[in-house]
Each structure stands twice: as structure tokens, then as C-alpha cells.
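Each of the next two complexes has subunit A plus one more chain, namely subunit B in the first and subunit C in the second.
This part shows the complex of A and B:
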């Protein structure tokens, strides 16, 4: 197991290095740079040249990358051009905001999606399982952008919830502001977990050992929730970490529509502005989360099915 | 609403002088004094002063927290005395003696003096962003006469005079002098600066900045301006700017009463929602008429841009651009691109610029047959069809719809258009490097006065879009525009200036280096509790005069 974790950790380090380096390179070589964006088309060339020199954009990519790598080894990821602040300061404060959304959405999706999957996986007929399956298909087919726009619209028209932001200056708290973005992120996950769990559950309860347990007169609910559920968790466990990683990397659409100041919104702004160090920093943070998620996924899978760690 | 008199002009002993006659407005009653206004902004500012490149949110923060010597009234377009109480102009029009208001203090209590004005000029030139503070390519000279008097000398007579100072905020020398000496002014007052370290002469002070969420401003207790009854301004206790990147969310916040207004105009497709709210009495809708700076189609007119390209014989010809202007149905363009909320435009100055718009601008008809005849005259026929690429910025619905209309209209006269939609900064890079056929784009000029946007009109200018920064005028007509722009910039007679600038517009329309189709109507919405509003067509439409705004509470 130790060797297994060491292998996964090595992979994670390589992943973070590759993703952040590639994003720095792509942001740098994409047409235009921060200076063209911020000074606009009507800037004098002397002003453009001076600004490029100030931001270090007049250096070769090799020089820029070398300095960035040296800094990154000391946890100095450069300075954001847009915000004129160290990237290492900006990312944690936004990552916390994204983390609040991500873990809340995950908790909601797990607490609702798994039981619903068990219900639909063990009951093939009936109005309730059919309705759950239909709702899941609808939610799965709706992109998060559309879901968040719809929920923001409902919040605005009903007046039940605040529209956008993380807190209100009027004193409305975090909890009420979280409802719309968490729901926008959680609803497709609920559907995904329900579908996966349903499929796994229906396969598991057809297994001979489950049928034999029924045959011994053990109550149905006990067989399902105690014996079958653990074995049916494998598909969920295999994607759980990836879902965590993806959510923590930032949900661009949801954060933008709901004005949630998270990592996704930060990276989107950085990409638009060609703020190269911030892009690289956000990508590094996203890949760290993805690596942690993958690691968690692998560990969970190893616990559910120890053969996978071999 | 009663608007106000800006400056009293006197002619005496060869000098022209102006004295302060403070703006008047519907003063806030006791019941409307105080309260909080919430507005939404799409992006965060770049810094807490206007020490870097211009950007809408940074400008808004400066409008709230800083002040300049004069102010341009965004409704009347007149120059108003602001920190400068009065001034006199020398007979040759080059020197201005400016008297500062007495007893003005920065928000930290430090008194304003002429040294702060001198320092602000030094800072603006040192920071390297002071292109708009130059005349004929040279800086202005500033001298301190006494603690409340400065003398400003222009390198040449300059017709707009002190209007040039609208963008120059007066900075606190006591706060920034050491930073300037260290050469660190360009990065001073960045977003990580604690609000307590900032000081300004504006009506509000920054009290809180939550990155990615909001900026909160509270009343500046030291603010110098008073209303007609002698009550200290601003009326509001607090202004909150919430960061809402998505425009549809901005609209929903406004509709649901969670925001009082937006910092900038709403798109045409928001009109129906705003109108419903206005009809129901839950919102106020301001239709401010056509915008100042419509989108345009511009061709690359750099002389050697198409050397060796077989299209060189027609791609830069006036006839092609005139044919395109005739081929596009501007009414249909307004209906498709701006959902009917647009006004056809035919020249480089929008009718919104009431002072400088040329009333004789010819109304170009929709005439595809004449367009085809013009194309035939430069060898473009069914047998020899034309094809070129229009570059535009992706993610901007009006650009994408506008280019689609142009493409479809030109197809009818035998021109094939390929559309390349790129990110904004990629488009700018292509333009600056001269690697494009044509571009559909937009940019704002620094002022409505042509002498203050000379960089656009002069062939040597960095904003001379179709052929940037020429050493000598590439064409005779650009040379003629150069002469007229230089002459009107120094002319002392306003009517003569207008006549010369009308001629500039006439030449421009004859050669069409940039083709304008439709100016969108500008809409802004606000909550019904917002009072003393003086809506202006330029940004920030409702927030440009924040000290006199009120809310019912």
C-alpha cells in the first residue's frame, strides 16, 4: 500500500508540474498579452514597450519560464498583473471560496444521490423510481450554465434568495447566498450519483450471494443497506475523487453566473486578461486539487476493493 | 430637473477669466439625506487611483474617491470649476492662472495646496500614462505661484483649454511623494493597499474591499462641496459596488431590487425586461439616445500591407468601402443587431455628440445596385469576385451579429466575407501589427472635443486606426485632415473650430476609412428609490456625479 501511495504521489507531482508549465506556455504564446488588453488598441508604442518591460513580457519565454520555475520551487508563483498582488496570496483566498461550494455540493449530492440510486436500483417498477429516473435524465442533460441561469432566474423572480455574490452588504449571510450555486453544482451530481448507484445496485442484488442471503430469510432492507450497498459503492468510489478535484478546480460557469468569487472566476478573468502568472497559478492549484482527488479516489477504491491496490 | 451654469466668462484687459459658479441640482431633502446605494460592476478595478491605464471600473473608483481641478459635466458637456475655483487666461491663450478653492482637505484631513497640483502633474508624467495631458506632443508646464495659485503653461495655444484636465486627479503629495521618488508610482495604491492608507478629495472614501465581491465606500467627512442650501455633500452615507461578472445576473439583481443600478449601460436585449419593470412601477428606465461611439468596420489602409497580394488592386480602394456602405441596409442592421434599438449613422461622429456632430452628414441610402456599379469600376464582377476576412472579437454579441449582417449583405453584391472571431487582445495584436484585411471593432475616444482626440484624427496618431502612427500622411486627404485638426486645435473662435471640424467629417465620409452603420441606443435602469439622477450617455451613466445622488430610505 505504501508503494502504491508513493507511486500516486509521484504522478501527482508530475501532473502539477506539467499542467502549470503548459498553461504558462499557452497563455504566453496565445496572441496578445496583458499589455495589449489593458492599454487597448490606441496606446502609444512607447507606452506599450514600457509596460511590457515592467511586466517582464519583453523577455524570452525561456527566461520567463526559468525564473517562474525557480520561484515556484520557493512557493513564489509570481505577481498577478491584473491585481498587482502575489499569485500565492490570491489563490488561497479564492480556493477557500470554491472549496465551500465544492464540498457543500458534494455533500448534498452524496446525501441525496446515493439513497435515490439505491431506491431506483432495487425497485424496477413503480411511479417513484420512474419519476426519479426521469428527473435524473433531465438534470444530466442540462449543462451547469443553464442550471445556474435557471436557478438565478427563479431566485430573482421569487425574491426568496439573494441573486449572486457570496455575502450581502445588507448583512445576508453566506448560507442563503450558497443555496443557488450549491444547487446548480449539486443537481447534475445528484443525477449522476443516482444513475451510477442505481446501475451498480441492480447488478449487485442479482449476485448469488445476495440471493442466498435473501434465501436465508434476512429482511430485504437489511440485505440492501448492509450487504449490497458496500459492494455497489465501487463505481461511485472510482469517480468520487475526480468529482472532488473537478469541483475544486473551479466551476467557471456557475461561479460566473452566480458572481461567486472562486477559483473558476479568477482563472476565467486571468485567461481573458492574459495574466500569465495567475493563469499558471490557477492551473497549478486546479491540478493539485485534481491530484488530491485522484488520490482520494484511488484510496477509496482500494478500501472498497483491496485488489485495485495491487 | 434644473441643470446648471458652468463658468462665467469675462473678457477684461486682454485676459479671459472664469470664476466658479457652483453646479446646482435638486438638493436632497432631509428625508433623502443618508442611506446606501448599491450598484453592480462587471469587473474589479485595477488599482485604487487612476495611476495606470484607463479602465471603466478604475475610473469609477476615481470618480468616487478623487477629484480634479475641473469637471466636464457629462450632461451639458461643459467645463465646470471643481477644485479650481476660478482661472484667468492670458491673451495668447497659452497661460492659465488657476485659483484653488480655499479650505479644501484630503480625506485624511491634510489641506490641499498648490504643491499637490504640481505633484499631480509630475506624477502623471512620471507614471507614463499621461498621453492625454500632452499638447502637440509636449507636456504642460506647471508653476506654483502661492499656496492656492498655480500657473499652467501650454506649449502652444490650445482651444479646449482646461478641458484637458478632466482626467487628471489631484493626488495627495504627502502620501505619494516618497513612492514617486522611489520610482514605484505605477504600482502604488494597488488592490492590496489597506483603505486607511488612501486619501482623496472625492465625495467618498473606500472603507472595505472584498476581493471578487465588493467595494464599499462611505461618505468623506472632509469633502469640500456643498449644495445650494449650504449642506455638505454627498447626500449618501454609503455606496456599495458589487462585482457581478455576468450581465444577465446584473439585470436580475436590478429587477429583484438587490441592486439600485448598474455602472454601465444594459444591452438591447435587456430593454424588454427593463420596460416591463418601468411600466409596473418597480424600476426606472432611462433611454439616453444613441451612443457616442458606434461599432465600425475598418480596412487596413497601410500602404504596403498587401504587397504581392493579388487583391491589392481593390482592397484599399475608396470605391470598395463606399460600395459596402451602400450595400448594408442600416435599418435591417439596427433590427438584427440591436433588436431595433439603434439609430443609423453615416459618419465618424455620432449625433450623440451634439456639439461636434456635422448636421450635413450625407445619409447614405441602401442601394445594392449602385454598390455593384462601384465594385465593377474597380474590377470586381461576377467573373472576378472579391473575398476578404473580417476580424472581430468573440464573445461580444453585437460584434458577432454585426459581422454576420455585413457578411450576408455583401454576399448579395458578390463579395465573400470570411469571419475570424478572436479574443479581444488577439484582435488588438493583429491590428497593431497590421496583419488583417478588415476589422469590425469599437473603441472610445478620450473626449468629445476633436482637439482632445487628435491622436485619432492625425495621421501620426496612435489611434489613427486604419494606418497607425504614419511618419508623413499616406494620402492627400489624410494630410488635409491633419491641417484642419491642427488649425482647429489652436483657433480661438468656437464657430470657426466647428466649421473646420465639419470639413474633417466631410472628408472622412468621402473616403470612408471606417464605415459606421448603427449607433445603439443607450439604456440604463435604476431602482425607483434613486433620486437626483442626472443621466448621461457616457459611462458611468448614472454615477458620474455621485455626490448629489440620493436614495429614499
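This part shows the complex of A and C:
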């Protein structure tokens, strides 16, 4: 078990390191840099050189990378040129915003999708399971970009819910602002969890031990929700890690459509402005999320199915 | 249900293929007085209640500032069929164009842009899927065939790409190029990025298939007849993965379409006035468009119908439906978690 955790942790560290290094390199070797993007093409040569020297962009990539690495070991991730603030200050608040979105969506999707999947997986006939299946199929065809466009459209048209941003001057709270983006992110995931759980349930329910338990006189609902469910959790537990990656990508689309000030927005702006350290910082934060996600998934899987950890 | 799915797909593909005929106007033809004009629905009965051949009523601008239009019920403009190489257009194209899905903020016909956009979006997705297919089959085939260190390396690399948030990679790779590129370069670049991001999913499955097929007698027979490694892999082992690849490709395509849409939506896709579903959504990206000009969201509806069609077809082929990621990386549902963990 210890070896298993150590292996996963090593993978996480390598992931964060590789992703942030690669994005620093990509951003650095992209055509144009922060100075040309911010001063424009007509800037005087001297001004450009002065600005480059100020931001340390006149060094070779090797020197820049070495300094950045040494700094990163001391938790100093450089200074954002765009905001003129340390990257380490900027990232956390945005990362928290994305985290709020992603983890609420994950929680909502699990709480709704899982029970629905149990219902459709254990009952073949009936109006309710058929309706759930149909709804799932529709939602599966709507990735977060589409759900967020659709929900923003409904919210803007009806005026029921605030659209855009996290808070508004009217004093409307975070909670009401969260409804549209979280729903947009969660809905496709609900459908995905429902389908997955449904499949797992219908496979489990046919197994001899389930039939035997039922035959012993244990009530059906207890067999389904206690005995069968436990064993049918494995597929969902094992995709949790991948889902976090999906959520990050999906939240990028949702953040853009609903103007949610998250990591995706910050990174997009940084990429456009060629703000190299901020790009690397955002990428690192994103991969930390992923690492947490994979670790969570591994922990969940080890809990559901102890054989995995061997 | 499967028939419904196939019909949806057939209609969309046919519209895309026949775009120059199906679209009444060019993608960049602006109608000056009709910015954000609502759809002109074809009518077959006029106000006096008598039946006529399909016709439209012209829009008159009633509020310049808010871009509100009113139907002029006194003028009847008949439709014109099969002329100038277009299926249908208005008989007064200069002043009263047929706007089946309204006009965008430049006064361009949304329907024409939608069918031309379907062409570009679908072509990009198919090209990217073909790239992913070749790359994935090669990487997976070689890994499964060679085994050992090479297998380890290739599969670790694939796992790494799978675990990364695909949207962020696509974004970073796209931004590593100039922000505004000519359409052809954008096409090649996006297809390349999507192929790289999508290939690992294929590679994993192909590797597993090739590994197990390699043990079978027919592989031994082929190699004892003197087939070279390359021939054995390409002619004998990879064809065994055909079914798997076929299913995977149908799932990659919608993911790539949504990926293009997302990148174009944030302004890193095709430049204006090129019409793709993503650039059209980009033009619709304001709250105003959502509430007052909903016809600008028709590319989103088209995307939904396309993915729904694919899901209906795939689901009834006995495979779990797709889950899309918005971003060019498909995350397929797999009941069998072992494929994810092995």
C-alpha cells in the first residue's frame, strides 16, 4: 500500500513539473512576447529593449528556465507582467473559483447521477426508467459548451437567474450565480454517471450472490442499495480521476460562456498576452488539480476494491 | 431510434456536402439593412386566407438602435426555386433575401453560414479523426507488437496525454502559434492538435488487441511463412482492431467538432469571415445575442443534433454512448474499468 501511494505521488509530482515546464517553454517560444504584445509594433527599439530587460525576457531560455526552477523550489513562481503581481498571489483565488465550480459539479453529478443509474440499472420496464434514459441520451449529446450556452440563454430570456460573473452589484449572492455554471458543468456528467452506474448495476444484479441474498429473504431494496450497489461502484470510482480532467476542460468552456473568473479565463488572457510565468503557473495549478483528482480516484478505488492497491 | 439517428446524420452530412447549392447566399454577403434581422419564415397562406406558392414577407426596420423589425404584410415576395445554382432563394435577393435562420450582426444569412460551416467543422473533425486513427493505430500497434521497453515508453506517454486536461493542451499549442493565421493553417494546426490529443485513446485499445492477437496461431503461421514484422503488423494484426477503431472514430468526431467550436468561441480558431460552427458561436457571444437574437445560436443546435444522431446510432449498435468533453478529447464511457487501469 505504501509503495502504491508513493508511486502515485511520484507520478503526480512528475506531472506537475512536466506540464508547467512544457507550458513555460511553449509560451516562451511562441512568436512575440509580452513586450511586443503590450507595446505594439510601433514601439521604439530602446523602449522595447528596456522593457525586455525589466521583465527578464532578454535572457536565453536556459537561463530563464533555470531561474524559474530555482524560484519554484522556493514557491516563487515569477511575476505576472500583465498584472504586475507575483503569480503565486494571482493563482490561488482563481484556482479556488475553478475548484468551487468543478467540485460542486462533481458532487451534484454524483448525488443525482448515481441513484438514477441504480434505478435504471435495476428496472428494465416502466415510464420512469425510460424517461431517465431518454433524458440521459439528450444530455450526453450536450457537452458543457452547449449546456452553458443553453442555460445562459434560458436565464437571460427569463431573468430568473443572474448571468455572468460570480457576484453582482445588486447584492445577489455567490450561490445564485453558481446555479447556471454548475448546472452546465454537471448536467452532462449526471448523464454519464447515470449510464455508467446503470450498466454496472445491471451487470451486478445478475450475479449469483445477489440472487442468493434475495433468495434468503433480504428485501429487494436492501439487496439493491446495499449489497449490489457496493460492488457496482467500481467503474465510477475508477473514472473519477479522468473526470477531473474532463471537468477542467469543461469548466474552461463554461467559464468562458458564463464569464466565471476562473483558472481557464486567467490562462487564456495570459496566453494571449504572452505572460509566460502566469501561463506556467496556471498550467501547474491545473495539473495540481489533476494530480489531486487522480489521487482521489485511486483512494476511492482502493476503498471500493482493495485488490487495486496491491 | 437508430433510424432517427441515421436520418439526422444523413441530413447534416447532405447539407454539408451540398452547401453551395443548399445555401441561398455566400458566407460573406452582407445585407446592409438587415443586421440581426429575424428569420423570414416561408408562408403558404396570405392574409386574405388564400393559398399561394411559398412566399416570404419582407422585414422593415422599426427601431434602428434596438434592431427591431416588423413584417411588412402588404408585400409578398415569392420564393425562387432552382435558379443560379441555388436550391431556393428569394425572387428579390437584393432587397428581400430569404433568411431561413435570420441574419447575424453583419447582416449575413445565418442559414447559409450554417451549412457552409457544417462543411468546415465536419471536414476538420474527419481530418483530425483520420490523423488520430493513423497515429493511434501505429503507436498502439508498435507498442503491442514490440513489447518491452518500447511498449512501456509509448504507453506511459499515452497515459500522460490522456490524463492532461485536453483543452489546456490544445489552448497552449494553439497559442504557441501566431494568434491570427490564414484559414488553411488553422485547419492543419487544429487537425494536428486534435489528432495528437485523441490518438492515445485509440493507441491503448489497439495495443491490447495487437498483444492478444499476436499470440494466436494465424500470426505464428504468417511469420513462419516469412512475413516481415511490418507486414505481419500491418496486414495481419492491425485489421483485427478494425471494429474497435470504427467505434472509437465515431466518438472522436463529435468531440473534435466541439473542440473546434470551443477554440473558435474564445477567438483562437478560424478568422472572420470564415464560417465554421465555432466562429458563428463566437459572433453570438454576448448576452444581448442570447436574449434578443436567439437564431444566432443555431450552430449550437446543429452541434447538438449531430452528436445526438451519433449517439443514437452508436447506442443501438450495442456500444455505450459518447461523453464529450468540449475539447477534442473523447472520454468514452467504459463499463470495464480495467481498460482504464491496465
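Going forward, the second predicted complex is superposed on the first by the 301 of 310 C-alpha atoms of A that agree within 3 Å, B and C clash if a C-alpha of one lies under 4 Å from a C-alpha of the other, contacts with A are read in each partner's own complex, and residues count from 1 in each chain.
Following the convention adopted for this analysis, a contact is a pair of C-beta atoms (placed from the backbone, for glycine too) under 8 Å apart; a residue touches a chain by one contact, two chains touch by 3 or more.
Predicted model, so just to flag it, every value in this text is computed and none were measured.
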Mind working out whether A:19 is in touch with subunit B, subunit C, both or neither, as first, second, both or neither? second
For A:267 in the superposed arrangement: first (subunit B), second (subunit C), both or neither? second
Which partner does A:58 contact after superposing on A: first (subunit B), second (subunit C), both, neither? neither
I'd like to know which partner A:163 touches here: subunit B for first, subunit C for second, both or neither. both
If we overlay the two complexes on their shared chain A, which of subunit B and subunit C does A:84 touch? Say first, second, both or neither. first
Quick check on the superposed pair: does A:140 touch subunit B, subunit C, both, or neither? Answer first, second, both or neither. second
Under the stated touch criterion, which partner chain does A:152 make contact with: subunit B (first), subunit C (second), both, or neither? both
Applying the touch criterion given at the start, work out whether A:94 contacts subunit B, subunit C, both or neither, answering first, second, both or neither. first
Kindly classify A:31 by the partners it touches after superposition: subunit B alone (first), subunit C alone (second), both, or neither? both
Based on the A-chain superposition described above, do subunit B and subunit C contact any of the same residues on subunit A, and if so which? 30-32, 149, 152-153, 156-157, 163-164, 256-257, 268, 272
Write out the stretch or stretches of subunit C touching subunit A in their complex. 160, 162-168, 171-173, 175-179, 254-255, 258, 261-262, 265-266, 281, 285, 287, 290-291, 294, 297, 300, 303-304, 307-308, 310-312, 315, 320-327, 329, 331, 333-337, 340-341
Where on subunit A does subunit C make contact in their complex? 15, 18-19, 22-23, 26-27, 29-32, 137-138, 140-146, 149-150, 152-153, 156-157, 163-164, 188, 191-192, 195-196, 199-200, 203, 234-235, 237-239, 241-243, 245-246, 248-250, 252-253, 256-257, 264, 267-268, 271-272, 279, 283, 286-287, 290, 294, 301, 308
Subunit A residues touching subunit B - in the complex, by the definition given at the top: 30-34, 36-45, 47-48, 50-51, 54, 82-85, 89-90, 93-94, 97, 149, 152-153, 155-157, 159, 162-169, 256-259, 261-262, 265-266, 268-269, 272-274
Footprint of subunit A on subunit B - complex, ascending: 36, 38, 43-44, 46-47, 52-55, 128-129, 131, 186-187, 190-192, 210-214, 216, 240, 242-246, 248-249, 252-253, 255-258, 422-432, 441, 443, 455-456, 462-463, 465, 469
